[in-house]
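Common to both upcoming complexes is subunit A, partnered first by subunit B, then by subunit C.
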Partner chain A sequence: MQKVVENTKKAFLTGNEAAAWAALAAGAEIMFGYPITPQNEIMHYWTRLAPKYGRNFLQTEDEISAGFTVCGAVQAGKKAFTATAGPGNTLMQEPFSMAEAMRLPLVAIIQQRGGPSSGTVIYSQQEVTLTTFGGNGEGHRIVYSTSSHQEIYDYIIKAFNTAWKYRFPTFVLGDGYQAKMREPLEMYDPEERGIELVKTFPLVGLEGKIGEEREPQHLCNIYSMEEELYEVVMKFAAEYEAISPEVVEYEEKECEDAEILILAHGVVSRAADDAVKALRAQGIKAGYFRPITLRPFPGKQLREAIAKSGAKKMLIAESAYGQFDRLVKQEIYGETIQINNLFMPGVGIIDTDIISKVKSIID
Partner chain B sequence: MLEVLKFTAEDRARIVEAFIGEYASGKSEIAINRAVEIKRKGRTVTIVDLDTVEPFYTLRPLKNRLQELGLNVISYSKSDTFGLGETGAMLNPQAKWALMNEGDIILDVGYGVYGAQTLNLVEGAYESPYLRIIAVVNYTRPMTNSLSRIKEYIKELGRVDAIVANTHLGDDTTPDLIRKGNKVIIKAAIELGLPVDYMAVDKKFFEIEDFSDLGVKVKFIERYMPAAMW
Partner chain C sequence: MALIKLALAGEGGQGVQSIAEILAEAAYEENKQAIYIPNFGVEQRGGVSIAFLQVSDQRIGAPKFNKADVVIALSKRAVSRTVRYSDSNTIYVYDSSISVDEEEMPKEAKKIIGLPAIDTANEKLHPRVFNMIIMGAVIGFTNIVSFGSAKFALEKKLGAKFERDPKLRELNYQALEIGRQMAEEALKEGVAN
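Let's look at the complex of A and B:
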């Protein structure tokens, strides 16, 4: 496969372009998609670049088909992905559930937009519930929530590896701000960085006689008996829990002596990081905790941060009305830390929003 | 700094400039700086947000600030957008008739994919003898990061009358990078037979770095776009 990035260098990009380049650098062979803002330029750039690097693209008739065609392509052993947002993410829940059921290494990039329904075209963090636990399953998915263009690039490369290594559908959760914003990042060839690209393999049409030379492949999304399904789901749950410790990622700053912990994810964590620095400069002991994986969630690490800081208060900030908050609460059930919220559904949160909220809490 | 308006033929002529170029090349930043520059000469200036794909975003967050600088701004306001939803593509009627405004017109041709084609939506643009179509090029953009890619890209744009060299990396810009990137852009312009109107450099480098060795005019610009948070 032709090298995409010859020399590592810094480039000035939008997040959507970074996503397209990262998928190319990760060796993705085909994108299936249907247009929706704010992810459109992932498709635009992929379609401009793909022919130059011998890759493929198919625009399907809708998002349901885009999701299912990814399900089909990965079964054929192709490194395939899609990208969507908002109502497109809603429609894709059916194929995403199928990927959960059949343990397909599907990769989807989600650039969250406002909701409910078509909402607004650019920004929110309102697709957290949908992306982590959408669909009629148990949320056996891996979800990376990025906060910068560099992370979009890094985690898309990682997402393909994660998906093909563990065979759980894997998501890179961005948002319209990250999609449209311009900032520098370092584009690199993953293999030159020592990142081994996990090899893809077909799940169907395998060599060898079933029963004699190999076991049959059970790629199943429907079972005749409840007990049969029960066994499968319990097996998936056990496998998901077993891999979780090695998949979990988080970022923590200044928690050792914090009186108040500020929790945020995605682009809002940049505001939280700035807020913690500003509050510290004013003598307020604030700490920062950011899950990078929303599924699986770094619950153990968050409990440890609460314990070691001895913080009595926590602020959860998000551009949604409690979706991230619910994820946090279910993970720290039993903790007695006081939880406060800064919910700003569909609008951006900046450092001063967090700083004023923190001051109103601690006074 | 107010430059005195001279009654030369050049200064009396109307300025109609359309900034085009790759998505995120710096069109809006260069367009705003150009509008402010000529406004400071005491001229009447209208700046037009001609982004037909995302018509409510590019200049809208900066509209008040630009109006305070004395510019006539053709761009949507929050109150104008109610009920329009996700239109796919739409044209602000004021933008369509922008050339009917008195004075100079700066067109920020958004989104980049269609180059100067979008100008066919502005009544009289192509017929205007004053129209100059200026391509903004940033060497750190992957689609324009080599001599051959820049040339290939400019050729795809259709009519281009001049180039603005705009190599930067946001906050990570260094003088070396500006020099390296703009040299390539200037070479591409020479090979394409196009003038480089100037190179745009963040004003933080003013009096720190001299770029006169590159042989083109240098304009030190203010960065307005980082404040354009939606």
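Let's look at the complex of A and C:
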């Protein structure tokens, strides 16, 4: 496959452009998509760039179809992906649930927007529940929540590897701000960086006689008995839990002696990071904890941060009304740390919002 | 260089997004950190368009901000949309050709400046380079990028057009320079008009 980024280079792009480049650099062979703001430009850039590198694109009739065509393509061994947002994410829950149930290495980039289908086309963090636990399944998904263009690039490359290594559907969760803003990043060829690209493989049409030369390939999506489904889900749950420790990622700063821990994910973590620096400069011992994977969640690491800091208070900041908060609480059940919230659904959060909230909690 | 926060607002077609994009590009070329984010609601389809630009030597946090160092509003509606970004540290600039009542102006500002950009473009240059006067003024107010970098970024964006019509380059550069002078004088005097 033709190299996309010959030499590491700095670039000044929108997040959507960075996403398209990253998918190319990761060796994605085909994108299936349906237009929706604010992810449109991922499709636009992909359609512009893909032919130059011998990659493909299909615009489907809707998001349900876009998701299912990815399900089909990955079974044929193709490195395929889709991208969507808001109501598109809602519609894609059906194929995403299928990917979960069939253990398909589907990759989806989600650029969160606010409200219902006719809501805003701008920004939010209101697709956390949908992306982590949406659909008729058990949330056996891997979800990376990015906070910068560099991370969009890095984690899209990683998402394909994760999906194909573990065969769990993998999501890169961005938002309207990250999609539309321009900021610098470094683009590179993953293999030049020593990142091995996990090889894809077909799941159907395999050589050899079943039962004699190879094991049967179970890609079951129809269960005639309750017990049958039970067994499969329990097996997947055990496998998901087994791989979780190696998949989990998080970022932690200044937690050792913190009196208050500030939790945020995605783009809001940038404000949280700045807020911690500013609070420390004012003599307030604040710590920063940011899950990068929302699924699986770094619950063990968060409990450790609480324990080592001895913090009595926690602030959870998000651009939604408690979706991230719920993920956190279920992971630290039993802890006695006081939990405070800064819920700003649908709007951006800046460092001063967090700083004044922290001060009001501490006083 | 400390963080500079800029909000540029105008009607669709006034070129506020282009100005912010060129300035962001220029800042990036100077190896600064820059974040440019357009508002991209339904305003895109006929309404007030706002561009948020932040430039710094350090890593920039949140992509938006509550209060700007400089606000530039180029229409009456843009004024009412942007007063919220002004506080006692903000230089609030509006085009002096717009008629705005006293009570519509921001309650808090370090300085409120009426800049005759539209009239100057129409009378002295050409209406199409109005946004270059504004871009020059932004540089005059903030030193967000050097004049040279701005020209370089402009060349990158409009180079092909300039090649076809070298007079256009001259006109754009002139507008930039006039804008910068206007801003510098306005800062000295306090009020330009």
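Heads up, the rule we're going with is that the second predicted complex is superposed on the first by the 360 of 363 C-alpha atoms of A that agree within 3 Å, B and C clash if a C-alpha of one lies under 4 Å from a C-alpha of the other, contacts with A are read in each partner's own complex, and residues count from 1 in each chain.
What we mean here is this: contacts are C-beta pairs under 8 Å (C-beta built on N, C-alpha and C of every residue); 3 or more make two chains touch, one makes a residue touch a chain.
Please read these numbers as outputs of a predicted model, since none were measured by experiment.
Quick check on the subunit A-based superposition: subunit B and subunit C, clash or fit?
clash
Once the shared chain is lined up, is A:R182 touching subunit B (first), subunit C (second), both, or neither of them?
After superposition on chain A, A:R182 lies in contact with both partners, subunit B and subunit C.
Now for A:E17: first (subunit B), second (subunit C), both, or neither, which partner does it touch?
Only subunit B is touched by A:E17; subunit C is not.
After the superposition on A, what does A:H44 contact: first (subunit B), second (subunit C), both or neither?
Only subunit B; A:H44 stays clear of subunit C.
When the two structures are overlaid on chain A, which partner does A:G348 contact: first (subunit B), second (subunit C), both, or neither?
In the superposition, A:G348 touches subunit B and subunit C alike.
With the two structures laid over each other on chain A, which partner does A:S118 touch: subunit B (first), subunit C (second), both, or neither?
first
Of the partners subunit B and subunit C, which touch A:D274 in the superposed model: first, second, both, neither?
Second partner only.
Using the superposition on chain A as set up above, list the residues of subunit A that contact both subunit B and subunit C.
In subunit A, positions 12, 37, 121-122, 177, 180, 182-184, 348, 350 sit in both the subunit B and subunit C interfaces.
If we count contacts the way the header does, which residues on subunit A are in touch with subunit C in the complex?
12, 37-38, 120-122, 176-178, 180-184, 267-268, 270-271, 273-274, 348-353
Which residues of subunit C touch subunit A in the complex?
21, 24-25, 28, 33-42, 60-66
Looking at the complex, which residues from subunit A come into contact with subunit B?
That would be residues 9-14, 17, 21, 37, 41, 44, 48, 118, 121-123, 177, 180, 182-184, 187, 348, 350 of subunit A.
Along subunit B, where are the residues that touch subunit A in the complex?
23-24, 54, 57, 85-86, 113, 138, 140-143, 145, 168-172, 225, 229-230
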